[in-house]
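Here's a structure for you.
All chains are identified by letter, namely A, B and C, in their written order; residue positions are counted from 1 within each chain.
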C-alpha cells in the first residue's frame, strides 16, 4: 500500500520495541462487544488506473461548463480563472500546510492571509477583513450573530427578500439557537421596498440585511438602507458580489457596518457547490466581535517584520463557549486563490472584468427581451444578472436548450412561487458575442 | 541532523512589488456594441476611485508566491505530528480527480439530471461513511468539523423538540476541543463541563451527578484527546440514553478505529467526520475542510436540506424535508473535498482502511515507548493513534512545551500540538499517523531526546530557537496590543 | 513573592479593593497579571453600570488567555480607567497604581467583611492560588 511506508519487517521490529505480540494487544481497552467482527462493507480498493477510469465515467455524466455554455448564476459564476492560480496553490508547502499556529514555520501562509485581508478590506471599503468564513451564506449568518451581540442582544433581524434565498435559509438555521426573529421585507420591482424596510425596523432590530447586486441581479440603495438602520441604532449588513467591486461603489462607502459575500468569482472553481469563500469585513470598533481568524503584523526578536495569528482570544480554542463563533478553520486555500487572482487582475483588471460583464449582460438582456413573449421582469438597474419572464415553462426551456449545449439559467419557481414563469440569467466576461447570439437564437425557437 | 534551510531574506508583500501600469491578466476586448459603463448605468453606482490592488506582472506573481511557499512547512516537506489533526500524506491522485472538468467545472444550480455523476459520487460517499461509522444516514453538507458539530447539536435539539421536550443543557468534558462548547453555545444550549478522571476519560461519577432530564446530549471524542480509548463508553452511552439524552461523537480521532470499532456500535447517535483529517483532504494552510455528519435512523428526518437520494431513474437532491434543521451552507457541501475523500476510500478499500488504523496505532505506540524515559507521560499506555506527553520535567529546568516546539522547528520537524488538551500541564500531543516511516519516527524521537538533554545541559539553545526559520520568535503581545491587520502604503 | 499591599482587601479571584470612604478602587493583583502574561486588552463596563459582589464585571485578555473580572463589592461604577484602553500594559507594570480598573460607589459597605485580608490572600497563594 503506497501510502503506508512501513514493511512487515519494520512493523515487527516496532512491536518488539513496544513489547506487544501484535496490534491486537494494543486494542484491549476496546470492549469486545463493540469490536467489528467483519471487514467494512465497502468496495474493494482500486488500482490507480482503474480508479481513474471509474472517476472519469462519473464525471462524464455531468454537464460541465467546459462542454456547455454557462449562463447560470445565483451566487456562483463562471468567471475567468487565470492559469497561474492552480499551479501556485498546488505547491505542497501551501496545499499541505496546517493552520499557522507555529508562525515561524508558516510565514508563507500568514503573509498571503495578510495580503488577502488587505485586498478584501480595500475592495469592500471597510477597515478590516478576517481570514475568511466557509462561504457567503455562513459568512452572512456569522454577521447577523455578531450584530446580535454588538447591539447588546437585540433579537430581531430585518432581511430583504432580495437576499439569496439559500443564504436566508442558512441564516434561519443559525438563528435557531439564539432565538432570533426574522422579519422579511418585500421587493418593489426588483429592489428592496425602502418604505416597507423603514416600517419593519424598530429598537428591537439588531441588523438590517440586504444584498447588492441582489439575488435577482438588481442593484440596491445601500446608502438609504444604512440610514434607516442607523436611525434605529441597528447595524447595516450588506452581502455583495466582490467581482462587481472593481467597478461599482463599495458598501463601506455607503454606510455598511459589516460586509460579507461569496468570493467564488475571484478564482475559485465552480465544483458543484464548494468549497467556496465567505469573506467578512467590518469597521475598526467592531474588531473584537469579529468571528474567524485574523492575521496581524509584528516583529521578531531581531526586529524583522513577521506575521502571526492575533486577537485569538475571540476564538473557540481559548474562549470556548463564549467565543465569537465556533469556527475553527478558514478556507485558507480558497482565500489564497482569491489573493493570487486579485494580484494578477490588479487595479485595472478587476475593473475590466466588471466592465465586460456589465456590457455583455446588458447586450444579452436587450437581445433576449426582443424575443416575442420574453421580457425583463424587473426595471431596477442590474450588473451581470437579470430575470427573464418567459411565455413557456422555464424548466422546459432549460431542458430544451441543454440539448444544444446551453445552460440557459436558473428557473426561479423553487425560490419564489410568484416568479414561477421566470429564469435567472447570468452573463460573465467569458461569454462571447457568438455564445450570446446563439443563446438568443435557441431561446427564440424554444418559446416560439 | 540538518536544519531546514528556509532561505531567509525574502520579506515582501505583493503590494510592495507594485509598479503602475504593470498587468498580470489577459482579457479579451469587448465584442458587444455598447461597452462604456457610463452609457449603461447612472454614474452614482460607480466607484469614485479604483481599489488599491497591486499592479504586477504574471512573473512577479509567480515568483512572489513561490518564494512565500518556501517559508512554509507542509506535510509534503516535513513530518507534522500535530495531535488530533491527523496530518497524514495527501495523495496526489485526489488532486487530479478533484480537477477533472466534469467535477471542477460543474455549476451547483444545474438540473439534477445533468449532474448524475456528481450525485452518484455523493450518494456513494454518504453510504460508505455510514458504513465506516456504523450509522444509518449521512449529510455531506457541513463545511468543516465545527459546522458538523453544529449540525449534530441542532439535530439533537430538533429531535427533542419533536418529542415535545425543551431540554437546556449539553455535557462536554473539560478535555474537549474548543469547538465542542462553542458549537453547543451557538445552538442555544448551556454548556456543563464534566471532569476528566485520572485516566483522562469521562469521570463517571461527575457524569451521573450531572445527568438529568434537562440534558439534551453528551459530547465525547473517541478516542479521547489524551489518545486513550474510553473503556466504559458502552456504559456511558447507556446511562445517557436511560435519561433520554443523545450521545454525540466528535469524529476528529476516527483515524484510530477504522475497521476496528464504529461510533454506531459504541452507542453514539450522531458523529461528525473530518474529511481533512482521516480522509486525507489537504489542510491548505487552514482550510477548506469538510465535516459530514452521520446519524442513526431516529435523527434522519432532521438532516440538513437537501439530502442526496437514490431513485429508480438515478439520483436527485431531495428538498422535501419538513423536519430538517435547514441549511448550513448555501449549497450541498464542499464537493471538491468530497471528490478527494471518495477517491481515497475507493483507493483504500476495507483492507486499506483497516491497515490505516493498525499502523496509526502502531506508530503512536512506538513513539510513546521511545520517548517515555525522557518526558513525563501523564497517562501510561497503550495509547491509540496519538499520545500526550507533558513537558513538566523540562519546565522545572525553565524549558516549556512551547520552547520544545520551537527547537523542533530548527531540527527539521513541525512541532506537535502544545497546550492541548487543557487538562494536561505543558501538554505535547503527538499524532504521527500511519503514513510515516520508522526512519522518520526514529529521527523525530532522536530530536526530542536531544532536546530533553539540551534542557539539562544547554537550555539557551532551546530558548533561542528557532534560528533557521525565516523569522525568529514573534512578538505576539505587540500584535494583539496594536492590531495591524492590513497593509497601507507608507 | 510578596507584592501584596497590606492596606488592600482581596478576592479569591485575585482582584484587590482599596476602600476610599464610600468608594472602592478596584484592580487585579500582581499574581493575576503574572499568571495572565502580557495584558493586551481589558473590557470594562460603562460608568453608571450596577455591579454585584463576586459577579463578573468585565474581561481581561492576554495573548493566550481570557479571564473574567469579578467585582469585590456591590455598587455602581463611578469611574473607569480610560488609560487602560490605550495602555493595557499598565496592568502588568503597576497593578495597584496606574493599573487600577474601576472605582465603585459602594452600596453595601458590610460586604467588605467577606473579602480577604492580605494575610489570608497570601495563604491562598501559598496553597496554589485557588
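Assume contacts are C-beta pairs under 8 Å (C-beta built on N, C-alpha and C of every residue); 3 or more make two chains touch, one makes a residue touch a chain.
Being a predicted model, the structure only gives us computed values, none of them experimental.
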Most widely separated chain from chain A, with each centre as the mean of CA atoms: C
Identifier of the chain whose CA centre is least distant from the whole-structure CA centre: B
Comparison of A-C and A-B (more C-beta pairs in contact): A-B
Whole-Å separation of chain centres (CA-atom averages), chain B against chain C: 38
Chain A and chain B, separation of their C-alpha mean positions in angstrom: 19
Centre-to-centre distance between chain C and chain A (centres being mean Cα positions), rounded to whole Å: 44
Of all residues in chain C, the ones touching two or more other chains: 40-41, 61-64
Touching two or more other chains - residues of chain A: 313, 318-319, 322
In chain B, residues with contacts to at least two other chains: 476, 480
Residues of chain A defined as touching chain C within the complex: 288, 312-313, 318-319, 322
Residues of chain B that touch chain C when the two form their complex: 419, 476-477, 480-481
Residues of chain C that touch chain A when the two form their complex: 40-41, 43, 61-66
